[in-house]
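Following are the structures in question.
Two complexes, one shared chain (chain A), two partners (chain B, chain C).
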Partner chain A sequence: MRDLHHFHGGMRLPGHKNESLVRDLQQASLPAQLLLPLKQHIGEYNKPLVDIGDRVRKGQVIAANPALICAPVHAPTSGTISAIAKFPVAHPSGQADTCIVIDVDGEDEAATAVLPDLQQLDAQQMVELISRAGIVGLGGAAFPTSAKLARGNMNGIDTLIINGVECEPYITCDDILMRTSAAEVLRGTGYLQRILQPRSTLIGIEDNKPEAIRAMTAALAQAGLAQTEIVAIPTIYPSGGEKQLIQILTGKEVPHGQLAFDIGLFCQNVGTCVAITRALEQDQPLISRVVTVSGDNIRQPGNWEVALGTPIRHLLELAGGYLHGTTAHLVMGGPMMGFSLASDQVPIVKASNNILVMREQTIPHSPGFHDECIRCSKCTEVCPASLLPQQLYWHARARAYDRTQEFHLFDCIECGCCSAVCPSGIPLVQYYRAAKSEIRAAQQAQVKSDRARLRFEFRERRLQLKKQQEEERRRLKRAALQQKTAKAGEDTASVADPVQAALERVKARKQALQEESS
Partner chain B sequence: MTSLFVSSPYVAPANSLKRLMIQVIVALLPGTLTYAWYFGPGVLINIALACLFALMFEAAILKLRARPVMAHLGDYSAIVAAWLFALCLPMHSPWWLVLVGIGFTMIAGKHVYGGLGFNPFNPAMVGYVVLLISFPREMTTWYLPGSVSGDTLTLGESLAYSFGTADIQQWDALSSATPLDQVKTGVGQQIAISEIRLSPLFGQLAGKGWEWTSLAWFAGGLWLLVTRTIRWHIPVALLLGVMSMATLFYLADMESYASPLFHLLSGAVIIGAFFIATDPVTAATTDRGRIVYGLMIGCLIYVIRVWGGYPDGVAFAVLLANMCVPFIDYYTQPRVYGEQ
Partner chain C sequence: MLLAIITISLMAGLFGLILGYAAIRFKVEGNPIVDQIDALLPQTQCGQCTYPGCRPYAEAIANGEAPINQCPPGGQATIVALADLLDTEVLELNAEHGEHVEVPLIAVIDEQICIGCTLCIQACPVDAILGSAKHMHTVIADECTGCKLCLPPCPVDCIDMIPIEQTIDDWKWTLPKPVEPGSSWSSADA
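Our next item is the complex of A and B:
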């Protein structure tokens, strides 16, 4: 048994996992329309490659961008492009974003798959295929996997960590994926090992998923991966956070300002492993994912394999609709770190692991009144980043943003533990999010004003220079003129006054004429 | 459809201010009852009056400040402050003394800074110190435990005294110095500790009545630790501070300095360690900071008791340490994840 380490703080939360696990993984039907946002990842925007009226086939690329940190979008099924316009998307801001709308034709006609000879591929070619398949981290961050692999390969990886922790309450999509597709998870792990050449591989799974651990252990015995170990870790939220999982499994901390691969570690989610397997073995791009639908206001919680772009409304109907009443509070993600959705029309995207359907009354509302902080430090006890949330709150509330940074505001991972234990019911994370965005806005404004100042100073210098050059030119001209007149003066000095001379010449000629005529 | 925007986490808070305060009140019960058992029902009258006045002041000030009155009254913080304040008073105090003290506790100690959470000084100690300085006679008239005098005031007699309808001279025979007073005056007159301790005021471990009351505070303090209402750092460091100072001087000269056990179980050390110094608003908030804070109070208590002008020093020590809290907190920040 491997020696496990601990991270600071954390919480034991009611799991609520069983609700969505009573049913097997189901295949979600296709809706009439799919809405595919151009950007479903962290990085650059995609540009649409199709026009309204075009017919697309399943797996066809419909939006892409050659930038490194980007993941193309593919058509999840066949159909006709009916619109490319702004629609509400799943984003904490609730803002609309450009989506490609496919009217599904129901034929599900696929583009021709090109199956590569897997044995012949080298690491770079595999990364290229993963990049073309539009794969992003499916644990929630949605960072393009190919970009992460490229960086990881540059650094040299000691330990590959496969994240099957899934520590947030209610979410079971990774659990059910490990139960049903353990072999695919491990084959994906194998491909990652071929790309990264790690010395060892650790697959971390929380010990509240005994069935997943059993399935994975059995599949590992068959897969024959070298130096690979499945590690059951204690169920403490947020052990699935990348930094926390690294700490549990290796005892290492990712140094401030660095990323995991800077210290030879590489983390990947189990769902991403399956996506990699399907991309490499079947030439299947990322066009669907497993989504959990759960919460206290959904009739039949469960897990569905859902085509990307499916409106949430469609998924809610598949899950039997609301249990109570006609409204619910919808959250994308888990109850600790997810965000509220303004509409049930927003589509499922690559990062959507869970749709939480809660009764309005179970969501703690911000009534605009909360008790004051009594500095009891319960938040400090649970903070996995070892911050002092009470001090951060004090300064964030006073808008003393430089002080919040002294207290390491940007090391906050927004896991929500501090808010969950606060006896005064202060929405602490909300204060930190606000402070962070204020600081970022101020920094951006600073960058802008710096740039404006530079531009202004440059213009001033340019004008100054121009003026100087002009003056110099004039001075030279003047000098040249002076020189010229001085020279002319020298010539004429011998003939005395030239005007006088000319007058005399005229006078002489007149005299001569008079003499001639007389 | 979901229209409101609430930010995660979407889980109901696991704690509440009210529950914390009720835990403190529950933990105060064994000590309070033991105290009343030995020293009479005057203790309970003080507490009842203090709580009543505190709620009145709190409501009035909240109203003046246009704050939600019932929401804040319902957090019981005023009750806890009043209870602790009342326990500092001599067991039979006139009602106006309680009123003046609570007035200072709630106004000067709490609301001038912005109310609960913003006050830098322990409000109960502010009220107590104001009385101690302003009304030395009333604040030093203590009474003998029933087991020494053989007589305890009845509830009726206590009430009559509290409301000024009875003459204090009537029970003059019952009033006495506290054991801490006795030691302080005795040592000042060059009397050996062993001789001072022959006085009937002293029991097995410290002062009669006081020793058992202190042990009951200790039991309540353990309850607070078990229920995780407070953490161990402040009480352990405070007791360590008092004990190490007391042991050092006791070993140096046993006839001039009282034993560590006497210091521990006399006066307000135990209640101070578990109930007063642990007021989270005014205490240090980092783990290491709380140890510094506790040690500082512990040492100051001993210094004030032995060399200061007052027989006990908990209130002054706590207020002095309160002043240092921002400084302590700043320099005892924990190492953040990923910091070298």
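Our next item is the complex of A and C:
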């Protein structure tokens, strides 16, 4: 039995996991239309590779960008592209973003798979295949996996950590995936081991998922992975956070301003492992994912394997619709870190792990009024990042953003513990998010103004140089002219009077003629 | 007595040499405060402050020739930052130089109307307009600072200033609001 460590703070939350676990994993049917946002990851925007009217096959790349931090989008099924336009997407702003719309033809015709010889592949080729499959971290952050692997490989990894924690209430998609696809999770882990060459591998699963632990342990006995251990950890929110899980399993803290691979650790979600397995073994890109639908206002909560781009409305219909009334508060993600959705038309994207259907609003969508802080310091007690939420709150509220950075605002993982325990109901996380976005906007403005300064100074220099060259040209011309005049003057000086000389020449010729005639 | 005089004189000479060397070795090119002021200005290069660009205005501020409230693109935030740097009083933006607009603008050339006269290219302080004589011109949107200096020279008025389109990536979370001070407590709040 491994010695486990604790992170600071955290909370025990009611799990609400059983609601969605009473049913097995189901295959969601295809809707009539799929809406695929061009950007479903952290990083650069993809550019569409298809046109309206094109027919696409399942697994075909429809949008890509050669940038390093980017993940291409593939067609989840066959059909015809009917629009490339802005549609509402799953984003806290409720704004629209460019999506490719596929009219599903129902034939589900797949593009021809090219199966690589898995034994021959080296680490770089495997990362390349993962990159082409459009795989991103499926735990919720949606960071392109290939970029993370490339960085991890450069740094040298001591311990690989597979994250099967899933600590937020209601969400069970990783749990059900470990129960049904434990072998695939472990094969994916094996590929990660081949790429990263870690000395040991730890698979962390919360002890409120005994069935998943059983399935994974049984599969591990058959998988034959070296130096790999499944570790059951206590159920405390937010132990699924990367830095928190690292601390529980290894006792190490990721230092401020650094990332896990800076200290030789690499964390990957179980869903991502399955996606890697399918990409390498079946040449299947990331075109579907497991999504939990749960909450107190849905008739049949459960888990579905859903094609990316499926409108949430379709998924809600599969789950039997609302339990009460005709509307509900929809949240993408869990009740702690999720965000409210403005409409049920938004599509499922790579980051969508859960759709929470609630009778009452649980997450502040628009900033409402709240009571004053009474300095009870409960927020400090629960903060898993060991921050001082109260200080951050005061400085964010006063818009003293440089002060918030001194209190390590960017170490906040926005887990929502502080807001949850606040007796005044202050939406603390929203203050931090606002402060973060202001700071990022200021940084971008600074980059832009620095570039404008460089261009302005360059132009000034260029104009000055042009002026100097012009003056130099004039000076040379003037000098040449003076020289010419001076030379002409010399010639004139040698002949005393040109008119007289000409007259004399004429006179001499006349004289010669006269002498000839006489 | 004599020893003291000699010692002091020697020391004075030595320190003089050190100071003289330091003055050459560690000589600061230009005025560092100008750089610091320039870094706070928005680099729009619009000339609304009556100086031909941000750096000349920074020099004027450093020399005490200009007050700190002549930069409309920077707005109150820039004035506060300058006051902080120079340890002076925060002033209100001088309305004579223009008004601060919250939404950033960029220039867009109507390419149907443009006659290719190159006058706007010459006016652009950051070389953000591309084109040549009798050929269509266009604005490089990423480089445009929204200074409006290209508008007056255009003989056919084909340049418009439009607000930059907000995307999902630019979207900002808003700060929540605490209960307004003075609002009375009611039983509904219990």
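Throughout what follows, the second predicted complex is superposed on the first by the 436 of 518 C-alpha atoms of A that agree within 3 Å, B and C clash if a C-alpha of one lies under 4 Å from a C-alpha of the other, contacts with A are read in each partner's own complex, and residues count from 1 in each chain.
Quick note on the criterion: a contact is a pair of C-beta atoms (placed from the backbone, for glycine too) under 8 Å apart; a residue touches a chain by one contact, two chains touch by 3 or more.
Keep in mind that what you see is a predicted model, and the values were worked out from it rather than measured.
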item	value
Which superposed partner A:356 touches (first chain B, second chain C, both, neither)	first
Which of chain B and chain C A:407 touches, first, second, both or neither	first
Partner chain in contact with A:369 - chain B first, chain C second, else both or neither	both
Superposed model, chain A: greater residue contact from chain B or chain C	B
Chain B versus chain C as contact partner of A:438, first or second or both or neither	second
Which superposed partner A:397 touches (first chain B, second chain C, both, neither)	second
Touched partner set for A:51, first chain B, second chain C, both or neither	neither
Which of chain B and chain C A:427 touches, first, second, both or neither	both
Which superposed partner A:327 touches (first chain B, second chain C, both, neither)	first
Partner chain in contact with A:452 - chain B first, chain C second, else both or neither	second
Residues of chain A that lie at the interface with chain B and also at the interface with chain C	364, 366, 369, 371-372, 427, 430, 433
Contact set on chain C toward chain A in their complex	38, 41-45, 53-55, 125-128, 143, 145, 166-168, 170-180
Residue ranges of chain B touching chain A (in the complex, touch as defined)	1-17, 19-20, 68, 71, 75, 77, 115-118, 231, 280-281, 283, 285-287, 329, 333-340
Of chain A, residues touching chain C in the complex	89, 91-93, 95, 97, 364, 366-372, 396-397, 399, 426-427, 430-431, 433-438, 441, 445, 448-453, 455-460
Residue ranges of chain A in contact with chain B within the complex	7-8, 13, 94, 169, 243, 247, 253-258, 327-331, 333, 335-344, 356, 358, 362-366, 369, 371-378, 380-381, 384-388, 390-391, 407-408, 411, 414, 416, 419-425, 427, 429-430, 433
